[in-house]
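Next, two complexes with chain A in common: one pairs it with chain B, the other with chain C.
Our next item is the complex of A and B:
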């Protein structure tokens, strides 16, 4: 779960996808042309064009009946190879998990979080290895046993074999996933204590844009850095003019018609410069502002406690700072816009805020909807692994395909921040050549290089290398995007634009080139090489 | 038989290389041959002579190192040619978790055949290869002979014009082997072209119109079976049984004409003929057993235990 959900922009993402695919295709084309020239002379590049043309013709000749036959073959194969034994592990896990997970926390929200996280992780960890092994071993085993010979000597195109495998494994995995997720949902409902059942919901937040005012009341880029949290939150000082300001938009389109109140939910943190009465929270206050009409309505102060959420129901009828009655929906929310200023009232204490710490809470959705959206994320990841496994197994044998897929999975899940940092060109000391040059010349990374032609060429090569690296890092999909369990476990609805859409787009973006790669890989290889 | 060329190879060569591209073995060297429509063509040769490599090159499972292949007028890598081809591999590499009906239904779908046609064709083929009793059993429970039969059925699912059979009688008992040869003859009568490779010479001699003999990847002999086997230096006379006097008289006549008599004998049937006759008679008259005629053939009586003293 992103701590700062940002709506997904499909057009920039598409352009970025085209750029990455274009760079990788260009590198592949150059490599292939050079190799074919070296091995086959002038006819080499011609052969490549013929193969590409043949590949396009293959796709145009796809027959649904053949793909379905291969899909059902894969499906039968997986089931008759006792894939369903995974259910036994699942059942054993869930039979005894309740003993260890019940009453793990006195906080009902935490209790729900533990149960939901357990179910979603258990399902992922059981299904993903199974589909990984199935997809990595299916095709090589078919080639080794030569049963594929009797298939490709029929009017079957190689990409139909690939599609049949992918659909077959996805359907098997999908059925197992649906069965497990229904069982898991029922298990959660039975395990959650009766007192916490009301918290089993999917909250729908509307986030605003966050700005700050410093202690003098001037605009500021951020609040105070108390040294407690450096990146995520910044702090506003109590009993000063310092404020955190949220600007919400499009509320008129999102609030239900005929609403009589507005829910503001916050999860602010507290930084205390003196201990005081630790049981007593520090005071904060909301001020609702219509920025166009300059109407301001201060709400009664409330206490903020560490690690606790605050839900405030704002009634429709309020009074402004001059004591005149104002209507929340008619006077304060204007063109769907509402500003909420947050002040800390307790002197010498600090209130920690981040953009998602305050949101307008729309009517809750069913927990089931959120839960199955989380399961959908697992399903998308499963499809990615299936396609990746089948693609890898189209050019290497089962064990190597397994290692390769696992490597891609681990790197894509864990090493993405490292790649981002590496390719951001913000390292001091330049790229590879410049770094070597600096080491040899004993130059500090901070020392600027002289503006000479060799230095410029060196920096230009480094910069080109970084651009290639930037494209190559996308060879590893960001598998973390499919993890929607944090939304579900924390009682939020899984947002469409910030979580569902990007993960669907990510799946499509990777699946298309992988399938094409698998097609050509199987088409151009000899199935009977000794 | 018309002379339309169904298969044509020109200087076809195949070199197997290792991971580093170094030459491992020259499996086929400049093979040029043609197979005409409607004939049964045999590829003969010892193990490792390049028969199976040739078939796999024809099917596009391997790519030639040099030379060209044309099959049914199309390049070997053209998938659409498979619409008219049936292929029985050396081992019946089928999906062992499917039963006979599922197997034929699966391969029928690969030919984009509608459901009703698939059902009817599967029924006919299962009957033709004699597997009605095992139609619902998974192939992993089949004997080798049964697996060959279902393999043959899958090769014929599309009623192909060209049938490629790799060691078709391998693993079959003499009855199955005879059935296979009868079936090949029947396919020939239906106007199909059959290419079979085998190292069982008798099988090839029985059914093939033309043969090619390969050795170490090279074509050594190519021609009609009858022409290749005819020994122009020897004359054979076959008559009904002659008395010893007539035989002596015949020898005298031949001696007058300076002919060397190589052999005068009663012909013997092949062991295959004897086996097939015996099994078919056994099926017609179950319970009949062989009773030894002479005392030598009878088993010796069991030794009596020595008397205790």
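Our next item is the complex of A and C:
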């Protein structure tokens, strides 16, 4: 895994959502009040309240029957527009997929990775443009052809039109997605060679919390930096007191009842300071610890195989460091807690570790489970695109709505790490003004600025700007978080708390304000203006 | 206003389309080659004007190498966005390399070359990247070897797509020779080349993708260097890696690398001697007699002393040409390799190498008596070799071999509690090469540590 699957905290996320929505509402309220005062005088703000009241009334009067009728109408329209031709492209792509994929690799896990990634990527790339175009052109086309006039003159509310569009396009997209994903699943099963079929599983990991001890045995925030450009892993030195320590919790609730052994799986990396015997791997060792009873049991050393599965089956009956017999489940795992200390045994060589590099492996689930969870992620992203497209098309015409939605999609998918870095406290060199000042004065980003009034004012203005940027970045959903292919392709089950729940929360968090925005946009729109 | 009906207008459009279609078809008619029937020859139709022009100027894809339908399809589908797509894929590949996502990186390189099948630098860069940069990221030697092979296979695929350009042939040869034969893992890599560690995939021990005939890696490299020269001769497409005079000598250099590798592995039999003999003959009769253009005129580097004397006494042009011969000989290290190959054919030299090698093994085994005897004999013969072929005194590996032999001998003397005598063979070499001693001592310690 190339990232740390951190469990999603719903309460802080909710508070953050409320903060961002609050800021946006406050800015909107001020803007609307000022604009209405300028255009309609003292009655302006009253008109705003009237519209808000009308909107609330609309929502309270929602009828499922009308929404369903509009959904079906949208569905039939999409069908008439030959949306399902996307299947032909899909079929052609898979017929010739072998041309575009790398040559058969002798490593089964590599083959599976390439095939699974290809299928999930192909499905997203085919389905997202289709729903994007459908949702962005639906309403504007109806307005242009005046077919919407026949709908709005019926006793339906504008938000029901919006909901009907969203549900209709989502159902169309959903049907296409289900068909493609089933075909893709069968294709993967057929393509994976017989020898690699056993690796087509969904491993269920239990991750622990990682802490370090330095070469003297003191607590450390991290291990050694060996100069790797990718700072995902931190290194411990061999044949010293340096340790990487994982603390696992709630194992008693997660391990199957009657388990007689424990599977520990790792994917550590190695950094050699000298070549040594290149035909022998670097040695590492696990020490299982019960921190309450101070029982320690060292397991036999093992050679680290980089980029491969290092699975160790820990039997129930072990001996502690004094040679006394200990029981894994009764003596070492205590109240569901287990500490695993990892040490590198080869002198002057280093072992690279990150939190997801060691986990307790629970019984595997079927590959289908993780695959269809991955597809569910694509589905959520599709719903987001539909809602965004419909919202955009409720206030601008088709081409502009398409460009706007595409822009949101691209920024949300590609520029999020950039935004995060820009608005993080660790960002070096300050904001816009400070950066300009530093360039002019030839100051490097590490040099602290003098504590003077102009400098403080400059930094204060920059920090205000960054705070606005912090709120603005949340206008763009992090579409990358819907991509669960890394779990599926690496043979992991897609975790609920680290992947599924945040994706669902993200969808809900954006869909609600977008639908409200779409409702008011269509409600206030002059349809005759085309 | 328009008096034509809808049907009439459509018919007019149709007529216009057909009218335009005729010249377009004639211009763009594809060329065909009908298979030969009976004793007859194949019937060729040159096709339309565009086809003829494409053939005349070698602009067709098929004229560059084998055509990959996937590559053509990708280029077609992307219209003018091929460059943008390639740049994005290149960034993706860099990210995958940084995050050590190797299977994804391999798949991305395939996608890049689907888009840029005739951009030689792409093949060169990515082939090198797989064979050198990706391979060292893996800890196990067998894994490293797998990625070296991936690099070679990638470059070979590049050769298939670009059959008329010598560069890629040369890169295949260079990676097969240098990466497998000279890297830190050369002992294992050279063994794996003839006996692949992945027995599940290659039960015979031979990966046909890199070594179908089970040959030594340097001999395979030599074949690819020879093919590079042949392609250079046939299509007259100049390579842009190095000066032509250097490029042309690589097959012979690979032959001598092969002979050197055999010696380093402790083989001092007829096979090794024959390898040097072939090397010497090819160096002097093929490479040495090849004509090269120089500012002084056409020349070849194998010049006998009589010929040189004649040229020296000849016209001003002859003397100028002789100077260029000397310059080219310096540039290619011609005289050194000639002397080296000649020296290695000498029985005394073969014995010197063998005795120094076996003396070191005996020392590492702990058989000090045998070691001292072998090393002293070897040093004496090595001394004779240097006196017979003084050009070798400028050769780093030769000096290091002489110093290593002495370090082993001195270590044995120390263990036997005997002083180093005032005079002994190779003393001059020892005194003259003190600045090299620290690095040779490192090698001496490394060999002791890794001896098995």
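Simple rule for what comes next: the second predicted complex is superposed on the first by the 475 of 530 C-alpha atoms of A that agree within 3 Å, B and C clash if a C-alpha of one lies under 4 Å from a C-alpha of the other, contacts with A are read in each partner's own complex, and residues count from 1 in each chain.
As a working rule, a contact is a pair of C-beta atoms (placed from the backbone, for glycine too) under 8 Å apart; a residue touches a chain by one contact, two chains touch by 3 or more.
What you see is a predicted model; the values in this text were computed from it and never measured.
Legend: residue contacts after superposition of the two complexes on their common chain; A:232 is shown touching chain C, with no touch to chain B. Contacts of A:113 after superposition on the shared chain: chain C is touched, whereas chain B is not.
Contacts of A:80 after superposition: chain B is touched, whereas chain C is not reached.
Of the two partner chains placed by the overlay, only chain C lies in contact with A:279; chain B stays clear of it. After overlaying the two complexes on the shared chain, residue contacts for A:300 are found with neither chain B nor chain C. In the superposition on chain A, A:270 makes contact with chain C only, not with chain B. After overlaying the two complexes on the shared chain, residue contacts for A:448 are found with neither chain B nor chain C. Touching chain A in their complex are the following residues of chain B: 16, 24-25, 27, 56, 59-63, 79-80, 82-83, 85, 87, 89, 91, 93-95, 97-98, 102, 106-107, 109-112, 151, 154, 158.
For chain A in complex with chain C, the residues that touch the partner chain are 2, 96, 99-103, 105-107, 109-111, 113-114, 117-118, 195, 229-230, 232, 269-270, 272, 275, 277-279, 281-282, 304-307.
Across the interface of their complex, chain B is touched by residues 58, 61, 63, 65-66, 68-70, 72-73, 76-77, 80-81, 145-147, 149-157, 526-530 of chain A. Listed in rising order, the residues of chain C touching chain A in the complex are 68-70, 73-74, 98-104, 106-107, 109-111, 114, 137-141, 143, 146, 153, 184-185, 188, 198, 200-201, 450.
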